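By letter and in written order, the chains are A, B, C and D; residue numbering begins at 1 in each of them.
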Amino acid sequence: MTAATEPAHRQLGMTDDEYQLVLDVLGRSPQPAELAMYSVMWSEHCSYKSSRAHLGRLPSEAPWVVVGPGENAGVVDLGDGWLAALRIESHNHPSFVEPYQGAATGVGGILRDIFTMGARPIAVWDPLRFGELDDARNRYLLKGVVAGIAGYGNAVGVPTLGGEIEFADRYASNPLVNVMALGILEREQLVLSAASGVGNVAILLGAATGRDGIGGASILASASFDEESGAKRPSVQIGDPFEEKKLIEACLELYDRGLVVGIQDLGAAGISCATSECAAAGGMGMDVDLDAVPVREADMTAGEILMSESQERMLAIVEPSAVDEVMAVAAKWEVAANPIGTVTDGGRLRVHQGGELVADVPAASLSDDAPEYRRPSSRPDYLDELWAAGLDVAPPADAGSILLQLLDDPALGDRSWIYQQYDHQLFLNTVVEPGHDGSLLRIKGTTKGLAVSTDGHGRRCYLDPRRATARLVMEGALNVAVAGTRPYAVVDNLNFGNPEKPEVMWQFIETVAGMAQACELLQIPVIGGNVSFYNETDGVDIYPTPVVGMLGFADPMPTEPPRLDRATAGMEIWLIGPRGEIDYAASAYARIVEDRLDGRPAAIDPIVGPEVIVTATRLAHRLPVMHDVSAGGLAVALAEIALASGVGFIVAGLGWDELWDESPHRFVALCAPEALPPLNVPATRLGVMGGDTLYFGEHGSVGLAVALETWRNALPRRL
Amino acid sequence: MVFPGTNCERDVAHALRLLGHDTELVFHRHTDLSRYEAVILPGGFAHGDYLRTGAIARFSPVMTAVAEMAAAGKPVVGICNGFQVLCEAGLLPGALVANRDLAFICRPIHVRVENTTSVLTAGAELGQVLQIPLNSYEGNYVADTATLDALESGGRILLRYCDDSGGVTAAANPNGSARNIAAVANAAGNVAGLMPHPERAVESILGSTDGIPLLASIAAFAPLIGSPS
Amino acid sequence: MKLRIDIRRKDGLADPEGVTTHRALQELGYTAVTAAHFGRTIYLEMEGDDHAAALAEVEVMCHQLLANPVIEDFEIEVVS
Amino acid sequence: MKLRIDIRRKDGLADPEGVTTHRALQELGYTAVTAAHFGRTIYLEMEGDDHAAALAEVEVMCHQLLANPVIEDFEIEVVS
């Protein structure tokens, strides 16, 4: 059946059952604009209909949580009236259609989630995944996405403090572009979205509305890619960082003057979403006049205006008496402001255009009555085989040449090609910049510090989503711990394939279980997240790819936090954490040297894991160099320190497999001779820093200069 | 000076406050700067850098007053985007175009002090090598040969990109700027523009304090900087 | 042989640069201007004098590198 | 009335976009291309139909705002 002959609801990506549900809610058949609204609001992207039932398992409570999941961003208490807001989002499909604009508008969207809460956005992170770089298309996508993040983030004036990057064929037709943003605010600035107060005015702020991404959320992010996608492709959204910058300043001034009752950003589902959610959150209704919406193109239908995902727009709810002052503030910042609605009681969302009532629906029904699915799940058959296989002992070789092989990998090599294209210093908060484990920010005028890390590992999650996700939480926690902070809150971005496949649904459920387990162990609340399903192209699903955004908090923060580049000759090298376990499953060694992906990843240790993290946080306030052991194992962790500091090392007494093993809960710590304080976790003295050779005892060595050359060029030489 | 799209204004104010100076943020619609001893145009993306970087900001109401201060010999300094605005406004020669490699550059670079009589360098030493963060896409200084020669002979080139030991080499030129130029001044020396961000180098916890001599020079030029005259 | 490639953003897509420039012209009092749009031009110098062949080759270059067909339209002409 | 303004970097001044594009074309094997230069195009829609007057006014706009005479040359034409 061709699109033309399909019934309207199917063309909008709505199933027959869902259409029936609309009929039940309305007690009549919907008008076109109403159908448009339901189709977007009930899309996977907006309604979480396949995931909601499971996300409830994630722990979201802690005494320091001010706003948990549900609002635009999670908010935690930093003491003395300071709050931090954190949120992560995906912009995968738009970035595949148009990498620069897709990534740029992804940054714009996540920033609005932050300043919608009343916070000034102070930093962005960008976890990225692409196909292998030997394919020109993937190089084009990587360059475009990085340029888009730089182009938008730098111009809007929010520094990008890190991210991560992975390459795998599974992402070739479905790259992952996740963006996370952090904001800080003082308690009295906190704003929520609820529209209370009958007669209050809804003012649309920002850019004019065009046919941007019509159906973007419902179609792009809620359906798989295939040949038809060309036809489905919504018109690409063009980011305007200048408009966003003005919007940020205007909104923050509105908050400072206490002029808004509630506010909501316009993202997926645009005006439909903002008006219905504001109204529903306040248990109210709203009358909306589409003729008052400034449009960029003539003759847009009501449905198009309601569904448009034009960027850089906000909806502010203000008391009638405040309207004039709001308009004045908007004018000062050269931001367009148009009253488009009034808050009503009775809970109905009534939309008018050209004098006609084009929509009249229960506001809450768009969000609350959305269908919820418990999709069937089943453990993939491929697992037994993969677990049975797997490398447990690597054939001994020359450690020097193996290390060079690893350092030449684009995901292990120097990533400064990426983060030097991002302003990562603006606001003068960046104490530890990208290039270390967690980036560390100070909050000026206080002794408080925030460390942030983003971590994902698609391959490991493919082998065992539950174990691997628990390990991601542990790795993120360790990354912020070695920056001297205590793991404080998590946001997660769950990137998965087609949820209508039981195997994918199983991966998803296992992932949530693993995240819940680790967060409970560490007593860290999950304060927000995002689910991106249908990352599938021509039937091939991506690896299950949860990305964990970890926020660490310290007060006081270390005055001289550990850095990879503070190593000097003579310092002792210690491995802190358990020894003996060897884990090659989804390790960099297995991938790069053996070209295999199999085995069962080690599980986290519920006792040792948390202890190692506590130890790391404590040590980071007194040691010059600390680095967690992750991709590439101990050898790469040591090499990263040597390369950053320009000093070689000599280590001895390690088994060959211990050089590459990636088992969890371990970090390297450097200190002056005899200076390591007593610890209640295992610690092994490995050797000393010095010379210009990376020397692994009997296993071999490599010169610092050649290692540096290889590591520096790993990414650029492939572009 | 705050234009729509400016984003380094708070950072500059923070840095000057650390150096003991009063500062006020002045919005671009103001027309009276008479109470100020010096004005700094901070970095950012005024008007989104649309059309041309600095092109639209130059017409902001406040720019007339800025030109008057410049003519009156008072300190006028443009940092990064502020430098671009001053060039567009004709208060400084030349222009800034896209970096040689067409990529945004955010990293610490080295510059060598070439002149010690300007508003920006009076407090620095000749030949001094400073490590200061660069943060720009359009930092590539261009001007015709006659202009460049005039700048040379007039001692109006204030800073040049160099390596960590002060060598002014092609390899040490991060963005392709003509003759490694990182900062220039007008003939009187009271109007200066520079590409790197001195305000990002005033605290050791952020990696460098080499920006201090430059920011301090502005104060030296204007003892009462920021405080009502 | 010299060719000129005119590249314009597809109609209907936002053109922030055009909007901002239009506003600036308004502020400067050029009220007769009702809209401004931005485009890019690429001038190529090529060996040979077979116009048809050159046009065909440049067409390929545009799809491959010079233009972004997802959001841009382009026109190629031989100028000399 | 529609006008079109072609703006080009003055000869002799750095044109990084042109240089980089030329290099990229070389790497892609388009060796017939001997040089590439970049320009910007601004399309204006204006009220009225007095071409001469419009051209004169846009000329002023270019000197004042749309082009940077220090580094750019421009040409204006009425396209409709």
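Keep in mind that, in the parts below, contacts are C-beta pairs under 8 Å (C-beta built on N, C-alpha and C of every residue); 3 or more make two chains touch, one makes a residue touch a chain.
This one's a predicted model, so the numbers in the text were calculated from it and none came from an experiment.
> For the chain pairs B-D and B-C, which is connected through the larger number of C-beta pairs in contact?
Most contacts of the two pairs: B-D.
> From the C-alpha centre of chain B to that of chain C, how far is it in Å?
Taking the mean C-alpha position of each chain, the two centres sit 34 Å apart.
> Any idea how many Å lie between the Cα centroids of chain C and chain D?
Chain centres of chain C and chain D, defined by C-alpha means, are spaced 10 Å apart.
> If you average the Cα atoms of chain B and of chain D to get two centres, how far apart are those centres in Å?
29
> Roughly how far is chain A from chain C, centre to centre by C-alpha average, rounded to an integer in Å?
36
> Which chain A residues touch at least two other chains?
240, 242-243, 334
> At least two other chains touched by the same residue of chain C: list those residues.
16, 20-21, 24, 28
> Could you tell me which residues belong to chain B and also touch two or more other chains?
47-48, 50-51, 56, 59
> Pull out all the chain pairs that touch, please.
A-B, A-C, B-C, B-D, C-D
> In the complex, go through chain A and note every residue touching chain B.
Contacts found on chain A: 147, 150-151, 154-155, 157, 240-243, 245-246, 249, 332-334, 416, 419-428, 430-431, 442, 444, 559.
> Spell out the residues on chain C that touch chain A in their complex, using ranges where they run on.
It comes out as residues 9-10, 12-16, 20, 23, 68, 70-71.
> Please output the residues of chain A touching chain C within their complex, sorted ascending.
Residue positions touching the partner: 97-98, 100-101, 207, 210-212, 235-238, 240, 242-243, 296-297, 310-311, 334.
> Give every residue of chain B touching chain D within the complex, in rising order.
Interface residues on the chain B side: 51-52, 55-56, 59, 87-88, 93-95, 97-102, 140, 142-144, 176, 178.
> Where on chain C is chain B touching in the complex?
Where chain C meets chain B, its residues are 16-17, 20-21, 24, 27-28.
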